[in-house]
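Next come two complexes built around chain A: one with chain B, the other with chain C.
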Partner chain A sequence: MDWLAALSREFAPDATAPYADIRQAALRRVGARGLPTPREEAWKYTDLKPYDGAGDAARSQAQPSPLALLETGGPQLVFVDGVLDAARSSLSALPAGVRVRTLSQVLREEPDAIAQAMARYTAEDAQIFAALNAACARDGAVVELAAGATLAQPLVVAFLNTAAATRLFTLPLVVVKAGAQSALSLLELHYGAAGATNHSNALCDIEADTGSRVEHYRLQAEASGAVHIGNLRLGIGRDARVASHSLAFGGRLARLDINAELTAPGGEVVLNGLFQAGAGQHIDHQTRIDHAAPHTTSHELYKGLAGGDGRGVFRGQVLVRKHAQKIAARQASHNLLLSPLAEIDTKPELEIYADDVTCAHGATVGQLDDTALFYLRSRGIAEAEARALLVFGFTQEVVEQVAFEPLRNWLAETLAGSADVPLPERVELAS
Partner chain B sequence: MLQIENLQVEVDGKPILRGLNLDVPAGQVHAIMGPNGSGKSTLAHVLAGKPGYTVTGGSVRFNGRDLLALSPEERAGEGVFLAFQYPVEIPGVNNVYMLKAALNGIRKHRGLPEINAVEFLQQVKAKTAALGLKESLLNRPVNQGFSGGEKKRNEIFQMSVLEPQLAVLDETDSGLDIDALRIVAEGVNQLRDPARSFLVVTHYQRLLDYIVPDVVHVLAQGRIIKSGPRELALELEARGYDWLLQAVA
Partner chain C sequence: MAATSSDVQSLIGQKYEAGFITDIEQEHLPPGLSEDTVRFISGKKGEPAWLLEWRLKAFRRWQEMQEPAWAHVDYPKIDYQSISYWAAPKSAGDGPKSLSEVDPKLIETYNKLGIPLEEQKMLAGVAVDVVFDSVSVHTTFKDKLAAAGVIFCSFSEAVREHPELIRQYLGSVVPQHDNYFAALNSAVFSDGSFVYIPKNTRCPMELSTYFRMNARNTGQFERTLIVADAGSYVSYLEGCTAPQRDDNQLHAAVVELVVLDDAEIKYSTVQNWYPGDEEGRGGIYNFVTKRADCRGRNAKVSWTQVETGSAITWKYPSCVLRGENSVGEFYSVALTHNRQQADTGTKMIHLGRNTRSTIVSKGISAGRGQNAYRGLVRIARSAEGARNYTQCDSLLIGDQCGAHTFPYVEVKNSSAKVEHEASTSKISEDQLFYLRSRGIGQEDAVNLIVNGFCKQVFKELPMEFAVEAQKLLSVSLEGAVG
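== the complex of A and B ==
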């Protein structure tokens, strides 16, 4: 199967569509370039070829369900197989200055509202899947906060995939414009029910204006037969702070590219990540933080787990431009291999052209500590539970930073509950 | 309660214990003393089931059961507790959470239902108070950022919650100043009970000033070479181990 052919069959942008010229340009770029191959640095560890066709529906298992997060009573938009589920969506009681619309509504009524954001993805260096989404997306969420507006209760935008989907592809798109001094908390949820074999190609574009605060959670719990490719762009203005937490558990292939652009002094970005690649899963994160202005700050903490023959990839690029003096950048990538067949590749890449900066990075790949395991067992805790407890402990540094309580509790339960699932084989140490 | 017969243990093919015999009846405190490298910690580890040791001969029976056939968690379920010489730090797992998992693991082994959460917290709080432990330590990750004294006290605290029948104290005095040593020893003394036995492994006799043993054993070259009353420890303190080693040789 040819992804591009399938996409253009399912989502051909018609010439009369809104910002059709931009969409056509994006699609032309994709056509000219083709799909990336492992010869490109960004795709070195992720070969798309084996994922060309649909997954095996009969073997596609669901992750622990995060659907309880749709019962918090807060504002939410729910899409099922790419189509709005109006009954489960609720945008009543949004505070003044907060506007949330579906993408389809915006495309009908005011396409100019997102034309500028979408135009970014026609650029020469736009990531190919981001360009594809920008060219073809039909529905999703457009969130606009006027200057000073605050949405305290998190907005949930959920993309649910089921075995009943008639299309192979879904193209979730979320566009956020946070005005000056505004504050927003957003959960972008991707979930696949058992039997789902969707190819999701998601894009989220967040522009945070002067002094704004954005807390973004991205929970990816696609079914094990799904392919999930995501792009996230964070534009961070003067004195703005954006924290984005990527929590990735699902998909046979899951890939997320994050581009954080610190464009003005005082900007701060927090990128936290937690991924768990079990048997048959490949989860790849590529993050790029661009310190394009002086006096900007970045904190990055990724924790990775791989069990069975699972595979994890983390690449953390930090670019400090020549004039970006007095910046501070901290990056840590810590990973645990839970079985002899698991593999995690982690690659910090710091490119620093300014001379008055504070940069620190650290990357580790290890196994569960045998001494700690014995300590817990000697207290009466069964081996499987002791292992789950150590894994749980390993993830806490990231989980604790999740301020949205229902999500934090869901994570804690899911991670602690991994004692109930069969744990991967391990090599017995000679005794 | 604990019967060790002719126990032989190797590490990486090197014999460490070479025919050790020991009998600890219920309610008694037995001290194991000996020079460095005599096999004291090996004995403590083998009793708790630490991987990495190969038992090449002999037997260990605990209340009549073959202890060596059990996993570490099963031994804990049967009532064995090891207070570590170097308590392990476990980031991200708080003390109370671990203790509850431990207590429930032990209860499960004994066919008992899980403990009620409220009851558990009450028990834990009462025991922290009894040991003079700061309650704030309960919600901190296990041993992380604890001082040396706090770590050892936390071991005794865990012991008090898990209520073992046999407590093995592996060099619990190491790294403690005299005040911390006294506090830890008081904690142990509170737990002395006619149904509970202690095996106190130590290099120095000063711990035994505070935890008064019923019997003192001298372990050297992988065997118990002498056993005696409490006064034996004082004699060792005064004369060292050489006279005994020469007598054996």
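== the complex of A and C ==
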């Protein structure tokens, strides 16, 4: 399959639509560049060959369904195979100052609303898949919060893929602009039904203005025959705080690049991640935190599980620029190998050009603790159950930081359920 | 170097077209690198045909290779045609005639390091006519080694005396085409050291290049090969704490260690080549390939390095842990000051069962120095029960410097345990304040803290080296805080 030809045929930028020139130029550049190879540092552990071919629909299994998260009654936008599903979408409950539109609507009515994002991702140095999305994206969501606006109930933007899709590619684009002192919680959901073999290329751009608070959850539960490539950029302004949680379970090839830019003093970013790469899966996270301003803080915690012949990849870059003093950066990447054929590659990086900093990172790769396992077994817990309990415990540090309760519950159930183990009830210690 | 490389090449071609190899009086080869250069070097050293072939093969591979650009260092492009690849060992008359002709700054440093006068002369390249201590040391230790059956000689001598050993092991750890600089070295290496420790032998003394006086001025493209046969042990010291006079800017050395069953090699380096001046002019480019191959069961290799010199350091002493239960260790202190750049670290390739490795790296950046740790821990599928512990800490002194960490961790075996931790911070104000309040001067206080920071590595060095390394660090850091 020639992915570029297929993509151009279905999504070539319309010559009469807004941004036609820069979108076409970006697509041409991507075509000229071609897919990155493992010789490039950012793609060292991820071979994109599976991108150039459709998955086996018959063997594409669904992840545990997160569709219950669409029943919470909150505001939501639902896209099925790239097309808005108006019946399942509901934006009636939005408070004043919060504006949510579909991308196609914005392109029709007010293309200027996404001018910054368009300029950024069609630039020459844009990452190839981000550029591809910016060049071809047809629909998605544009979320704008006026100064001081608060969206208490999380907004859900869901991209569902089915086996009946007529197009192989989906290119969801989400643009979020959080005004000064605003607060927002957003769940970006990617789910694929059994038999789906979609190639998703998702791009999300979040700009958090002075003093704003953004909680971003990204749940990726594509079907096991899908390819999912994502880009996420977080622009963090003065005294703003952005927390982004990446929860990745699906896809035969899944990749997410996160760029967090701390551009003004007082900014804070939290990057949490949890991924589970099972048989036949390759899940790659590349994060980059750019401390471009003094007095900025970052916390990063990634937990990885690899089972079957699955492979998990993590690369975490922390950059402290010259004159960006008074920086605190913490990063941790912890991984469990659950089967003899599984593989983990992790690469925590620090690049520091200022001196008044406290930066630390830690990375571990190991297996379940034998003594803990022995303890549980000595208490009469069967081995499989004991292992599942320990895996469950390993993931809790990330799960507990999920403030959106339905999502937290779904995670707990899914993680316990993946080993067919009843969810442990909260044990009260006798005092 | 104004002329282009093709000019130089044609120049060389003309000059040496007809049997230049007979021109044995030639002391320096004019700049330039071609197959003829390689033939000339080999001929000059009277090497056997197989070794010349080996060099030529390396040279041909080198021509097809690209200079690596991934390291976190920045330097003007090297013109390999402007370098002279052969200089006969200097005769006594070449160097300065007395210490008064030597750069007073160098003498000042020697005095701070407490180096005896006669040794100062030797290091500065002053012609020494009186027989002094180390010469007699040299003879007594040769006798002792011979009694134990240890071979310790220059590489050229080994090619003549022990060709079977060289042929068996040369290039078996670092192949000719391993990387750009290793290929260059394989083609044009001048000389170096060869060590062979026979079975079940504990080398009766620490071997040091410092005492190996028969192969001077071979630093530029040095080649070291150490073979520790089953059950043997050797501790090898390379370099010297004192800054050495050297006219060559590019150093591309190769070190190969072969460790067989139950053997152990402890390899300690103190590198203090000329780092260039405050503005980064001059200074050595130190592009070194060092690798140990633990071929036997229970083999052990320990690399300890203190890197304070060179304008640019590019070196990754590595361990291939092939044998069951083999152990690799890497202890490093790297200091960059002024405009020095270092990209250094290690590779631990775990192939055998129950192999273990430890990495402790301490980076100190001061002035405008850039210091990067780059390391790889790879656990292959076959490395059942492998274990790695890595710690790399960076200390920042001054707001113009940089400290970077690029660790690669690749684990393919689910019974392996790999831990990596790293921290970067500036020198603690609290600690400084405490020491100052006890009446300790600013500079001494910094030295104390830095020495404490490096203690974990220094304790791995042979005793007298450790004392010198501490002094060296304080001298190198002079003026960093202020």
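Simple rule for what comes next: the second predicted complex is superposed on the first by the 418 of 431 C-alpha atoms of A that agree within 3 Å, B and C clash if a C-alpha of one lies under 4 Å from a C-alpha of the other, contacts with A are read in each partner's own complex, and residues count from 1 in each chain.
By our rule, a residue touches a chain if its C-beta (ideal position, glycine included) is under 8 Å from a C-beta of that chain, and two chains touch if they have at least 3 such contacts.
Treat the numbers as computed from the prediction; the structure is a model and nothing was measured.
J.: With chain A superposed, do chain B and chain C clash or fit?
T.: Result for chain B and chain C: fit.
J.: Let me test your reading of the model: by the given contact rule, A:Ser65 touches which partner, first (chain B), second (chain C), both or neither?
T.: neither
J.: In the superposed arrangement, which partner chain does A:Thr37 touch: chain B (first), chain C (second), both, or neither?
T.: So A:Thr37 meets neither chain B nor chain C here.
J.: A:Ile352 in the overlay: touching chain B, chain C, both, or neither? Say first, second, both or neither.
T.: second
J.: Look at A:Arg379 in the shared chain and tell me whether it touches chain B only, chain C only, both, or neither; answer first, second, both or neither.
T.: A:Arg379 sits against chain B, while chain C stays out of touch.
J.: From the overlay on chain A, compute the angle at chain A's CA centre subtended by chain B and chain C, rounding to the nearest 10 degrees.
T.: Result: 80 degrees at the vertex chain A.
J.: Quick one: chain B or chain C, who's touching more of chain A?
T.: C
J.: Which of the two partners, first being chain B and second being chain C, lies in contact with A:Leu337: first, second, both, or neither?
T.: The second partner, chain C, only.
J.: Touch test for A:Gln116: chain B only (first), chain C only (second), both, or neither?
T.: After superposing on A, A:Gln116 lies clear of both chain B and chain C.
J.: For A:Thr395, is the partner it touches chain B (first), chain C (second), both, or none of the two (neither)?
T.: Touch partner of A:Thr395: chain B, not chain C.
J.: Minimum C-alpha distance between chain B and chain C after superposition, to be given in whole Å.
T.: Closest C-alpha pair between chain B and chain C: 15 Å.
J.: What residues on chain B touch chain A, complex-wise?
T.: 48-54, 71-73, 75-77, 81-82, 84, 87-93, 97-99, 101-103, 105-106, 109, 141, 158, 162
J.: Which of the residues in chain C come into contact with chain A in the complex?
T.: Listed in rising order, the residues of chain C that touch chain A are 70, 379, 381, 394, 396-426.
J.: Per the contact definition, I'd like the list of chain A residues that touch chain C in the complex.
T.: Residue list for chain A touching chain C: 41, 45, 322-323, 325, 335, 337-367.
J.: In their complex, what parts of chain A are in touch with chain B?
T.: 369-372, 374-383, 385-386, 389-390, 392-397, 429, 431
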